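Below: one structure, written as structure tokens.
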Amino acid sequence: MSLVVDLFSVVAIGAGVFFFLAGTVGLLRFPDPLSRLHALTKADNLGLGLVVLGLLPRSESLLSALKLIAIWALVQLAGATAAQLVGRAVRRKGTAA
Amino acid sequence: MTSATLAGLIGAVLVGLGLYGLIANPQPLRKILAFNLMGSGVFLVFGIVARKGAAAGLQADPVPQAMVITGIVVAFAASALAVALVLRLFEAAGRATLDPDAWAKPPDGGAGAE
Amino acid sequence: MSVLQALDIGLAFLVFAVAAWTIFAPGAFAATVGYVVYGLLLSLVWIRLFAVDVALTEAAIGSGVTGVLLIGAAARLRAAETAGSEKSLSGSPRLLVAVLCVLVAMALAGVVLLLPDQGPSLAPQSMQHLPETGLGNPVTAVLIAYRAFDTMLEKVVLVLAVVGVWSLAADQYWGGAPGEARAERPEPTLAFLAQILAPLGILVGIHVFWVGADAPGGAFQGGAILAAMWIIVMMARLTEAPQTEAFWLRLALVAGPVVFLAAGVAGAIFAGGFFAYPPGFAKPAILFIEAFMVLSIAVTLPMLVAGPPRREPRQ
Amino acid sequence: MTEFLLATAGVILFTVAVGLVRILGGPGDADRLMAAQLIGTGGIGALLLISAATGAHGVEDVALGLALLAAFASAAFVNSAAPAEAPDPADGR
């Protein structure tokens, strides 16, 4: 049983790390702020989401599992709104920002 | 080297960096930042004292931890007061420099400081 | 070298690099963003030192609330930055300062390396008396019971800081409200964020305060999270900062220290010592004091971020 | 398994650090705010992984606090930049 849980964690967390990597590569490679913003949100949503998914079966109690999900949801909210706010600031200033 | 010692070394480096910024950066806001950096370096050095005092089933001595918590809050209060002072200076005089030579000259337009 | 050691070294290097960025960054705004990043990394370091209470404080105050304060200030001071061509220290004085700072850092590092592996500790004593307080978190016991006087005075410092900030107001604004006015049409994204975040954050803040008796958390951390929620609602301009002459506001600001001091005096009368808690009644007394501290912190921090009054008082 | 969790935390911190190098330097303020956002997400991920590996208690609350405050830097920036960019009629005195 624990082997299955471990395997699940390894796959999910590994996939999460991949999205963090992809987000960073996007940050490095994309030419303008808006597309860099797009790359960044991938790390927020999928990267952390998959890491949380991988940690879920390892949590000690139901409350801590719920907290993990809440953390992910809050980061989603923060990432989405911050991307909106920053994106709007970029557009207001033109492409120079 | 334990992680506690490593954190303490980083604390020492932060104090040095903060001190340098405090002296060498001319802008008051940058000085506030540097001062905060120095403060957190001191907290870290104190934090490893807590970690090295791990005993009685605790992973760190609670007394230094509690003092660092109070310290963080007081450091914030001090920074807020300092930021308010700088912003007020800027509002009243249109500039926020600490350079005495700049204050000796009237500002552009000769409006003077209120 | 184990994986954990490699991680610690990497983290230390990252902290150092970001700290150096906040000192050497080309502009004030870049430096402040660096400071926010730095605060977050520092709470990771505190986790590695197993000081979770401190990590929570650093996360809420060191990174979050201080970040709002500094980023706001940097954005407002941008005009000053471009206008003033300030002389940076250069040449040999700069070198001298650098040498001095390296020496200070090296001396401190030497002290750190000379520390014994097992230092003197008050942990046994604090654990020994923990049952008398009825608490499960020794850090909270130190803050509210063993070193209560210290914590009470620290609350007074916060009130004094608010008095200091308010006293910077121009004469005609004395007693008025700080910060921006309530917007007719708030920025929709920010308003959305504040409307969803604030109820959740209030829940988390009260939770952190409540579990602080037995687990990492407590009045400071809970109060700081509540304060952050008020700050975000004010930033979204869904509500405006209260008039600084409002009686309820002033009452809330001093409630923490006043209740704390009253409890200390009551201890001198009923329990045989200043800040002594009567046996068997310690935990309710501590939670009672803490509740007022949470209130005061949740009101003080936003007032410190909002700055001095900038509008004339309404009649 | 512990080693795996710590190693992934390290990899996340490393990628985040590489990203920081790119965006903390700018060119614009928007990029710098992205740095704060990126370290927020990566830091929370690393925090959760480290706490799962080392068994430090109460770390979820720290991550929860960080997640609550993750958007604050961007919000503060927009809040302080907005009045100068587009004057709000409600703002004028």
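Remarks
Here the chain labels run A, B, C and D in written order, and each chain numbers its own residues starting at 1.
Assume a contact is a pair of C-beta atoms (placed from the backbone, for glycine too) under 8 Å apart; a residue touches a chain by one contact, two chains touch by 3 or more.
Here the structure is a predicted model, which means the values were calculated and not measured.
By the count of C-beta pairs in contact, the leading chain pair is B-C.
For this pair, chain A with chain C, the centres built from the Cα atoms lie 27 Å apart.
If each chain is reduced to the centroid of its CA atoms, chain C and chain D end up 18 Å from each other. Separating the CA-averaged centres of chain A and chain B is a span of 32 Å. Among the residues of chain A, those touching two or more other chains are numbered 70, 74, 77-78, 81, 85, 88.
Among the residues of chain C, those touching two or more other chains are numbered 4, 48, 50, 76, 187, 190, 193, 197, 200. In chain B, the residues that reach two or more other chains under the touch definition are 59.
Applying the touch criterion to all chain pairs gives A-C, A-D, B-C, C-D.
In the complex of the two chains, the chain C residues touching chain B come out as 4-5, 8-9, 12, 15-16, 19-20, 22-23, 28, 31-32, 35, 38, 42, 45-46, 48-51, 53-54, 57-58, 61-62, 65-66, 69-70, 73-74, 76-77, 79-81, 83-84, 86-89, 94, 97-98, 100-102, 104-106, 108-109, 111-113, 115-124, 126-128, 138-139, 141-143, 146-147, 150-151, 154, 157-158, 161, 164-165, 168, 218, 220, 224, 297, 300-301, 304-305, 307-308.
Note for the complex: chain D touches chain C at residues 3, 6-7, 9-10, 13-14, 17, 20, 24-26, 29, 32-33, 35-36, 39-40, 43, 46-47, 50-51, 53-54, 56-59, 61-62, 64-66, 68-69, 71-73, 75-83, 88-91, 93. Residue ranges of chain A in contact with chain C, taken from their complex: 70, 74, 77-78, 81, 84-85, 88. Every residue of chain A that touches chain D in the complex is listed here, in rising order: 6, 9-10, 13-14, 16-17, 20-21, 23-24, 27-28, 33, 36-37, 40, 43-44, 47-48, 51-52, 55, 58, 64, 67-68, 70-71, 74-75, 77-79, 81-83, 85-90, 92-93, 96-97. The touching residues of chain B, when paired with chain C in their complex, are 1-21, 23-27, 29-30, 32-34, 36-37, 40, 43-45, 47-63, 65-70, 72-74, 76-81, 83-88, 90, 94-97, 99, 102.
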